[in-house]
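Taking it in order: structure first as structure tokens, then the write-up.
Going by the order they are written in, the chains are A, B, C, D and E; count residues from 1 in each one.
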């Protein structure tokens, strides 16, 4: 299926609130984990059905429910009912191919993002959908499969008694997004590193493998751009949003997010431009090297062509061919040949072909 | 006639409200179908003249009148009179070549869109004009010919008792547009699939057929862009529109439409960029492969040219040519030849041409 | 003189209200025609001096004065005085090289446009300046020479008793601009038709004449763009303008104009992109065809070079050359030659050069 | 020094109001000329020091002081004191490399522009800085050296009793800028003329000199763009500025200026696009002509290679070579040769290489 | 590590206010220098720990604290506490890879910039982060290592009694940024100078070294753009900011800054375009020179190929070969050869290949 836009025929015309999973099933069972904390207490739970965690929604403490696996319509229905989310929201959650977006509902803020992973061996960026739903005192995040990208954040919650423990769900949401964005930067810096080393190789020994690499990097940069560019609009919208779920102290952090994503997009853009330059340089190098080859062939051919002709003339069997009977005819022939060759060499030196 | 902008000389200077059909006649007769429903009842009618369906306009229930075939000026006149639509609206309906647009009239909202169909065999996107007119309790849609693209929607209306049956004409209009947009996504994903597989072929075995494919895909992407780009302005305008025909609950759906069309446009843009990269890679590959050919010719020629020259020298018929009478003259000649060939081979190895 | 920007040294520093004709004189005499009408009456007059028509300015009926020929400063002075137009307006009218523009004066609206004409034989778009001045109950239009582009509109005025006869000068101005814009669409569709047929030729049999055609079409598209792009700003400005000379019912028509010009500009843009793709394809085709030629030469040369060398060796006149005296020496030579040729052919088959 | 951005190390860190001359000294002495006029009277003075002209600042009449030569810090200091201008203004005046800009100070409006001059012989645009300072009843303009570009304007002031004499300093400023902009148009039309004639040469006989011309024109167009693009922002800012020094009647003239500069920028843009197309066409022509050369060489070589081989075979000295002793052996050889050559020619005709 | 975006895996998920140094350690110890002045007094101090300078924060005079070296978390903590700056600010200060930005906190304005340094020998722009924090009566600037770029500014403070001594911290901040921007201009003018001289070399003697130079300059221009483009947004934001720390008299200077940075960006853009043109010209030159080489080879080969063939024919050993026994056979052969060669030469002259 096409990588940049996935769509199936049977999905055309579905109701917008139908709980239909769009994506590849990446985990077998649905798993729910909960971290519930305030500045003093912390409690972590892992469950496989919704009832076990549903009671956290009434706690005054900050609760982070993480759902791994989105394919199970029944579970989604339970979450929808349990956490009082409209079914259109869960329908969006289950569309893992959707464009990153932000929407403010009456009782929650919906944020969807792409979590990217860069496989350096095969130069391939894979993407997973992440949805964050911000409610009063509770954040529900949805991932396609279990991963460890948010482990550093959980560690900070467990160990630190600082801001992360005292501030509410909005700061937690910021911290989640911040990790995703930091990851973008890391991926771009890795891919950028490779592109820069490609550059060195390009000028020292340009080989055909460059084209394969160019193609891969260029495609991944396009994929990256497509995944992260919508995030800038999202952070700008978040900055302008006046929501009860977002406190004033968040402003500086949102601006930080916006700076970060802008930095990433601009860097990706720089690498895109560098790649295009590299292809142009490679193409010109190829043409230039053809010139060298042709010069060599031409010089060599043109020197020997007259010599071979002269030898051919004296190889003819005419009855009357006076030069053949000159005493030094053979040496005179060599003299003419050497003179011709030297003239040609001088001519090519002058033409700068040698 | 030009595909990207169709215009005939005789259409210059027509009155803007003249009922003149601009397009290719795609159906012989005009056909009207009606679905009239509320949350409890549903009634479907198919008719060939306007009088049979005109009475639905007074019903309190939601009515969807679909008109197939736009070429008949008489029928259009009857619709204009019957449903109280200004003749300038019907004139617009009959211009199937117009750009997608949205206009708010006093008693209705006018939306025109391109319905696209992708023939995968010949890589060709064909386009049909769709007009949706939203009035109080009635939607009139105009298509050029009978098709089954909206069948899933009709099924939802027939079977489901949910939102689609309880909400009004605005939700129905959204559902219609949603199907058209879903179809755009599907087409882009199909064409994108082909472009991505082109890429694999490009690097493994680049052949001339690539140019033909490139040309086709590129042209279809341009055609697609031209058809769908105006839709983004349209959805943005719809979101900002304050009309009595659009209820508040529609906002989330309109935002969804906007996200969808943006996603499609961005994906088409990505594929456009990928195609351009592919052409550049192909061109560079061609140049690079010319280099290989020329290297081979040069190496081969340059090795044999001196050998042939030497043989030529000893083929001359000079009376006095001492080497010919050496006992091992012939083998000495071979010695010189082999030495010359080996020197050349070493030189080319050093030059990295072999 | 340069086609895209015409400017003469002597025009630098002229007063902005100086009645100085800038352009090529396209008609000898100035001709004025008048159509004066309301819903009941219609009167047409043709005159050669201003006094004959000046009295129409006081009539309550809609009056359309058309002036053909702008070179005569005396006549322009008379029009300025007669119709109470500031001399700076007439000065603008006489600058036929100016950029299309819209300006609202105290007692009139000034609109200037380019009327284009496409000579299909030589692929050349010629341009003529059209100025429309909208006053209360009177429209004065200025053309460089007599033409028949507005004849359909005059026919509509003569025959129809509908909108065109009942609505005022603003609707008439819209109808004039509408014809000019329809003409743009027609020209783009004609030129587009040619560009699309160029595409077919490009892939089936690319010849050098393609470059000449490409150059022509590209230049005309650039010229077209330069002439019509300012019109979009103009229609947007018209839509936002709050003038006593523009009635509310015009809004839908102005939006129509804006859609039309946007459609034209986008189509021209599509054709521009298609042309650029075509040049790239052509260039790649040329490189690719060079590859084929070189492969052929290389294969042929490389097969025969060793054969000729072998024949050369046995053409030498050494006293002692054992192979020459073998009984089947000649046939052994042929054997070696055939073996060498077949090896080469197998090698080239493997290399996919044959 | 770099042409597009001139900056010296010693200028880093200078106080913004330091009177330091940045530029090339183009005149030896500072010269001041004054035109002082109202609708009735006119007086012209030329002076070499500031005191002689300082008294004009109190006259009620319109005064235009023109300063030629900006390098003398002492004179600048006197002007600053004499005409009550902040030293930061004079510091700006002395920076001849600055970007065109507009600034509104408390007691004046500061406008700086580039005056361009096109040397057609060497295809080089040289630039001179012009500063206009608009105060109540007085305009001070600064030029780097004496020139005659404003002579037509002075003539209009001297001769005409019309607008220029009755309106104030703002109209005079407009007239000065208008001349500078007219000059831009003239330069673009001259350079455009050359580019268009380049186009004709390109297709009829493409030679290497095209590259040199392309390079020159392209660089001058970039230089031009850089000099005139900031002027559009300037005129837009002027149109929005609400200053006591600008009267309402100026609005139409400022709009005119804006149209003019936009026209110039768009034309330069068109020529830029045409130049890029030309380079692409030239490159493709070069590739295409290489194809022709290679076709010729290939056809010729491939026809003669087998013939030379056949002759070589019958030049061998084998004891037993039956064909040599056939009665018509020689003519049979010619027969084979002619047959081979004709086959090749037919093959090439079929391949369309001949 | 990638040059355009530096990011380490271990930095993902750090708290936004963690004092973690991101960058390369460029100095061993932290050094603090203080200039404290008003219009009358001036005092300079250099210290190695924070306590020695902390008392300046209460002085009424303008204080400029400069911190060299950002790697020491302990010192940063002390500065945070000592100067009452939130730890999130110091955390930002320590991220030397961040994008230039501007943020208004409750008790200060935070400005970060890139200080660039151009090593002309190796064509490499290195970058150092500069942070300026503007508080009431105190400016704290942070640099990665000790440098002398601000020495001219310190000299102005020491010597001059003018504006710099009388105006407050906002003017000082402007002066610091002004020096950084002046430096950008200087670097662009240096690099531009080299690019322009590259152009001359390109047309007179194009060699492969051009590609290496092109690659370097292009990459540095991209790097430059990425470093300075965010500064334009920053100056625009500064101009719109309404802060107690910025006085009205600063407006003209901020506009100046904005003009300067715009000038730099536009110049860099011009040089970027010139470089792209140069690569295209070089590529075309290479193709064009290949044409010349191939023409020469073709002309030479094609003249001699028939001659060698003729000699070959008369070198055959047929028993019956009449021409061999003609009296002037040998000279007739030469006649045919010379005729053939002259015909070819005439043909090539006509083809313009010679």
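We take it that a contact is a pair of C-beta atoms (placed from the backbone, for glycine too) under 8 Å apart; a residue touches a chain by one contact, two chains touch by 3 or more.
Bear in mind the structure is a predicted one, so any value in this text is a computation, not a measurement.
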- Task: Note down the smallest number of touching-chain steps it takes to go from chain C to chain E.
- Result: 2
- Given that chain C is a copy of chain D, what angle of rotation, in degrees and a multiple of 5, matches their CA positions? 70
- Across the interface between the identical copies chain B and chain C, with over half of residue numbers shared counting as same and under half as different, the residues used are different
- Item | Approximate Å spacing (C-alpha centroids) for the pair chain A, chain B | 25
- Task: Can you check how far apart chain A and chain D are, centre to centre, with Cα atoms defining each centre and the answer in Å?
- Result: 41
- What residues in chain E touch two or more of the other chains? 283, 287, 290, 294, 297, 301, 308, 312, 315-317, 321
- Item | Chain contact graph, described as a line, ring, star, complete graph or other shape | ring
- Task: Quick one: what's the order of chains around the ring if we set off from chain D and go to chain E first?
- Result: D, E, A, B, C
- Which positions of chain E touch chain D when the two form their complex? 150-153, 156, 160, 162-164, 175, 178-179, 182-183, 185-186, 188-193, 195-196, 199, 202-203, 252-253, 255-256, 259-260, 262-264, 266-267, 270-271, 273-274, 277, 280-281, 283-285, 287-288, 290-291, 294-295, 297-298, 301-302, 305-306, 308-309, 312-313, 315-322, 353
- Of all residues in chain A, those that touch chain B in their complex: 1-9, 11-17, 88, 92, 98-99, 101, 103, 105, 208, 211-212, 214-215, 218-219, 222-223, 225-226, 229-230, 279, 282-283, 286-287, 289-290, 293-294, 296-297, 300-301, 304, 307-308, 311-312, 314-317, 321, 323-325, 327-330, 333
